[in-house]
Amino acid sequence: MGGMKKLINEPGDVVSEALRGMAAAHPDRLRVDLENRIVYRKDAPRPGKVGLISGGGSGHEPMHGGFVGFGMLDAACAGEVFTSPVPDQMMAATKEVDAGAGVLHIVKNYTGDVMNFEMAAELAEDTEVLSVVTNDDVAVQDSLYTAGRRGVGVTVLLEKIVGAAAEEGRSLQEVAELATKVNDNGRSMGMALTSCTVPAAGKPTFDLAENEMEVGIGIHGEPGRQRLPLAPAKDIAAMLVDPVLGDLPYQQGDSVIAFVNGMGGTPLIELYLMFNEVAQLLDRAGITVARSLVGNYITSLEMAGCSVTLLKVDDELVRLWDAPVNTPGLRWGA
Amino acid sequence: MGGMKKLINEPGDVVSEALRGMAAAHPDRLRVDLENRIVYRKDAPRPGKVGLISGGGSGHEPMHGGFVGFGMLDAACAGEVFTSPVPDQMMAATKEVDAGAGVLHIVKNYTGDVMNFEMAAELAEDTEVLSVVTNDDVAVQDSLYTAGRRGVGVTVLLEKIVGAAAEEGRSLQEVAELATKVNDNGRSMGMALTSCTVPAAGKPTFDLAENEMEVGIGIHGEPGRQRLPLAPAKDIAAMLVDPVLGDLPYQQGDSVIAFVNGMGGTPLIELYLMFNEVAQLLDRAGITVARSLVGNYITSLEMAGCSVTLLKVDDELVRLWDAPVNTPGLRWGA
Amino acid sequence: MGVENFVDWLRDAARTLHDNAAYLTELDSAIGDADHGANMDRGFAAIVALLDESTFDSVDELMKKAGMTLVSKVGGASGPLYGTFFLRFGTALAGAELTPATIGEAFKAGVGGILARGKPELGDKTMYDAWAPALEAYDAAVSGGSGLKEALEAAAEAAAKGRDATVPLVARKGRASYLGERSAGHQDPGATSTTLLLESAARTLA
Amino acid sequence: MGVENFVDWLRDAARTLHDNAAYLTELDSAIGDADHGANMDRGFAAIVALLDESTFDSVDELMKKAGMTLVSKVGGASGPLYGTFFLRFGTALAGAELTPATIGEAFKAGVGGILARGKPELGDKTMYDAWAPALEAYDAAVSGGSGLKEALEAAAEAAAKGRDATVPLVARKGRASYLGERSAGHQDPGATSTTLLLESAARTLA
C-alpha cells in the first residue's frame, strides 16, 4: 500500500467491499447483487413503471449506487474504479428491472460507457430499451475533434428529475424525451486542486505543484484542459460559471437549479463558500436560483476540487425536482 | 495562499463566506444572522417547543449549521475554524429561540466550548437553560488527568434524536434527560490518514509520513493518541470498534445505531468499505445494527480518515431516530 | 499450427500485459484515467482462468470465448474494442483452415470490429494507429510470400512504429481527446497494448 | 501612571501578539488545534479597534472593556480565560488609586478569574504555569520594596521560567491533555502568550 493513503484492503477488492458496505448500510432500501455488482432498488421491478438504469466506473460515489431508490434509479451497475461496467451487468440489470414498460439507460458520454451500454442494449433483445447520453461538460470544446462532451453533474440532476417522472407512470418515450430535455438544458465545468489516486495504480494520476490547479477536468482523475496558478475562490467561480453561462447560453430571467459539487476530497465548508461566489455571479447575470444542491454527489475518489452545474428549469422540471425521493444519496419528502 | 490548497478567498473570511453560502443555498429552511454567525431554523422560535442550540468551531461541516431545521436544531453558533464560538453568540441564539419552554445547549466537551457556553448560560438570565455536554470519545482514556473525553460523533446522533423529542413537545427537563441518555449510551473512536490545514495557519497541523496514520484523534486536526504504521481497512476497523465495544461495554444482543463518519477528505467509497468491516465486527460480537449512518457528518476540514460511533438504542431511541427531519445535512420523512 | 499455438499466444500475452500493467497505467495516467494496465491485466487474467478450466477444440471457438471474456471482464473503452477484435477474429475463422491467408482474413475482420465499435480514424491517437499499419504490413508480407511468423513479425514491427507515431499526435478519440493540445507528447496506451499483443503473437504463433 | 500607560500596554501587547501569531499557532499545532496565534491576534486586534474609537476615563473601565472584548471576540479556551483575567483585573481596580500594591491586587484577582474558569493546577501545562509564578514574583518584588517596573520585570521573568518549565510536562488540562504522554516535549502555547503579555507590561507600564 506504500504511497497510497486510503481506507482499503486489497486494491482489487475496493469496489466489491464498498458494495458490501452499501448492502449492509441500506438493507431497507437496497438489494445488492454482489456477483454482478448491481445495486437494485429493493422493490424493483415496480409494476407498470419504466425501469431506470445507470452505471459507470466506481469512484464517483454516491453516484450511481447511492441514487438507487424510490423516485430515482431502479438499478446501478458498478464498474471497476474509473472503468465503465460491462454489458453483462447492464443486461442483467435491464432484465431485472423491466416490468413491461421498458427501460431507460442513463449513460454518461465516455467512449467506454457508451460502447458497453450499446452492446448491452443490442443484447437485451426482449426488453424495449432507450438510452440517453449525458454530455454537459463545457470544458470539452471541439466536440467534432474529440469523443464529445463528457457527462458530468447534469447526470445527477437528470436521474432525480427523470426518476420522478418515471414514478408518475410516464411512458418510456416520454421519460426518454424528458431526459433529453434535461440534458439539453444543463451545462457543467469542473476544476481540481489535487489529483486522486486510482487504487490499482497506487499513485496519483497526475502531479500538481502546491501553487497550481487544473481547470476543465472531468470526473476520472484525468488532467484538465488547462493548468493554471492557484486562484482565490472568487476567480475560480468565475472560471467555472462564465463558460457555463455562455454556452447554453443562459439568459437574464432564466431560472436554474444551481449545483455546486465537490470532487470527493473538498469539505462542505469550501463548497458553501463556492456556492456563495456562484450565487453572486448568477445574481449579477440576472439568473434566478430556483433550487440549489451543494455537496459531494459526483466525485473523483479523494480529489479536491469542485464543479458547477446549472440546469435551466421550467415549472415542470422544478416540480419533478421537488417530488419525493428516497435514496441513500439524495432524499426528501419521503 | 502558498502551501494551502483550498477553495477560499482570504483565510479570515472563510467562516462568514461559507455562512453566506448556506444562506443562499437554503433560503427555504434557514435564516442566517451573518453578524452574529448564527444559523437559525427559518421558523424559529416554535411556540411551545424547547429550543435546541448547539455550536462550536467551524470546520466540522455539516455539523452544526447543517443540522438546523425541523426535527433537529433551532440554532447553531459558528465559531472561527476550530475555535469555539463566543458567549455573545450563544446568548443571542438562546434569546431568539426561546419560546417560553426553555432552551437546551448541546455542548461538545472541549474546554473552550464548555467555558463559553457556561458564560452564555450565566448571562442569559431570563431564559431557562439546561446544558448537555457530549463526551463520547474513548480515545481519551484517563478522564481524571485530562480535560475529559471529547464530544464527537454522538453529538450528531444526539441532535437528531433529541430534536425529534423536542418536536413532540417534551419539556426542557425531559429533553435534557433524553440527551443525557443518548450521550451515556454512545461511544466513538477516530483515526486520520492525513492532517488538515487550518486556513489561518496556512500549513498542515501535523506531518504524517506516507506510511503512517494517527489513531485516537478528535475533530480539530489535532494529532491522535498514537502514531501507527498504515494498516488495511480491516485492521483499522478493529482498532476503532474494539475500544468502543469494550468501553460501554456493548454486549451481545444489544442493538445499535452504527455510524461510520468521514473526517472530510475521505470519499464515500472508502466509508462504505469501512462500514462493511464494522458491520462484520458487530455481527461477530452479536450486536444488531438497528440503523446506520455512513458519510461525512462531523468533520475536520479536509482531513482524510474516519470515526466509528455506536449508540446503543432501545425502541424509543429508534422511533425518535426514524422521526422526520429536514435539515441541509440530515433529511428524511419530510 | 493449431489451438495450442493460440492458447500459447493468449497465455504469453497475459504474462506480457501483466508485466507491463504498471507501464500501461502510467501511460494512461498522463492522458487518461490511469486504468489501462489494470483493465488489460484483469481481462487477460480472466482468459487465463478460462484456459485453465476449459479445453477448446477449435481456434474460432477459443477466440470467440476469449473475446466474450474480454467484453465481460474489462469494461471501459478497451473491453468492447479488444473483445470485439477477438470475437470477430474467431467468427471469421469458423470452419476455415489455418493458413497465413485465413488468419489474415480473421485479422482484418477483427480490426474491422474495432473500426465498427470505436469509429477511429488513422491519426486519432488510438489503438487503431497500431492495428491499421500492422494489418497492412501483415497483408503485404503474406502477399509477398512470407510465412505466418514473418508476417506477424512485420505486423508487430509496423504496430510498434504506429505506436511510436502516436506520441506527437493530438488525440481526437477516447479520453485523451479531452486534453486537446495537452495530449501531444504522450504515447497512446491502447496502441501500446496492441503492440504488446502483436509482439506476443509473433513470438508464439508459428 | 494612568490610563495612557494601560492603553500603551494593550497596543504593545497587540503588536507583540500579532508578530508572534504564527509562532503561537505553531506551538498549538504540535499539541493543540493550530489556532492560538489567530485567536490572540483576533482578540487584541479587536481591543486596538476599541482603543481607536473610544477613550477611557479610568483604568478599570478600560480593562473591563478589554476583557469583554476578548470574551466576545476570541472564543476557544483562551477567550474566556484571558477575558476573565482582564474583567476581574479591571473590576478590582474600580475606584482604587494606581499603586504597585493595588495593581498587585488586581493581578491576583485576574489570576483568580483564570483559576475559577479553567480550574488549572500548577503543572497542568497551561497558561496558569506562567501566571502563578509571575504573580508570586510580582508580590515578592513589591513586598521587597520594588517599584512597578521592577515588579513587572520580575513577573515577566518568572512567567518565562514557568513557560519554559511547561516543556517537559504531560498536559492535564486543555486540548493538549488528549495527547497524553505525547504532549511532553512541547511548550504550552497559552503559557507562551501569557509571557508575551507580561513582557509587554514590563515594557510599557511604569
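Some notes on this structure:
Going by the order they are written in, the chains are A, B, C and D; count residues from 1 in each one.
Simple rule for what comes next: a residue touches a chain if its C-beta (ideal position, glycine included) is under 8 Å from a C-beta of that chain, and two chains touch if they have at least 3 such contacts.
All values derive from a computational prediction rather than experimental measurement.
The chain with its C-alpha centre at the largest distance from the centre of chain A is D. The centroid of the Cα atoms in chain A and the matching centroid in chain B are 28 Å apart. Rounded to a whole number, the gap between the C-alpha centres of chain B and chain D is 32 angstrom. If you average the Cα atoms of chain C and of chain D, the two centres end up 74 Å apart. Contact with two or more other chains is made by no residue of chain D. Touching two or more other chains at once is no residue of chain B. A list of each chain pair in contact follows: A-B, A-C, B-D. Interface of chain B with chain A (complex): residues 1-3, 5-10, 14-15, 17-22, 24-26, 58-59, 61-62, 66, 193-194, 210-211, 213, 230, 232-234, 236, 264-277, 279, 289, 292, 294, 296, 299, 301-302, 304-306, 326, 328, 331-334.
The residues of chain D lying in touch with chain B in their complex are 22, 25-26, 29-35, 37-39, 42, 71-81, 117-118, 170-175, 177-180, 182.
Residues 57, 79-88, 110-112, 115-116, 119, 139-142, 145-147, 150, 198, 200-201, 205-206, 218, 220-223, 225 of chain B are the ones that touch chain D when the two sit in their complex.
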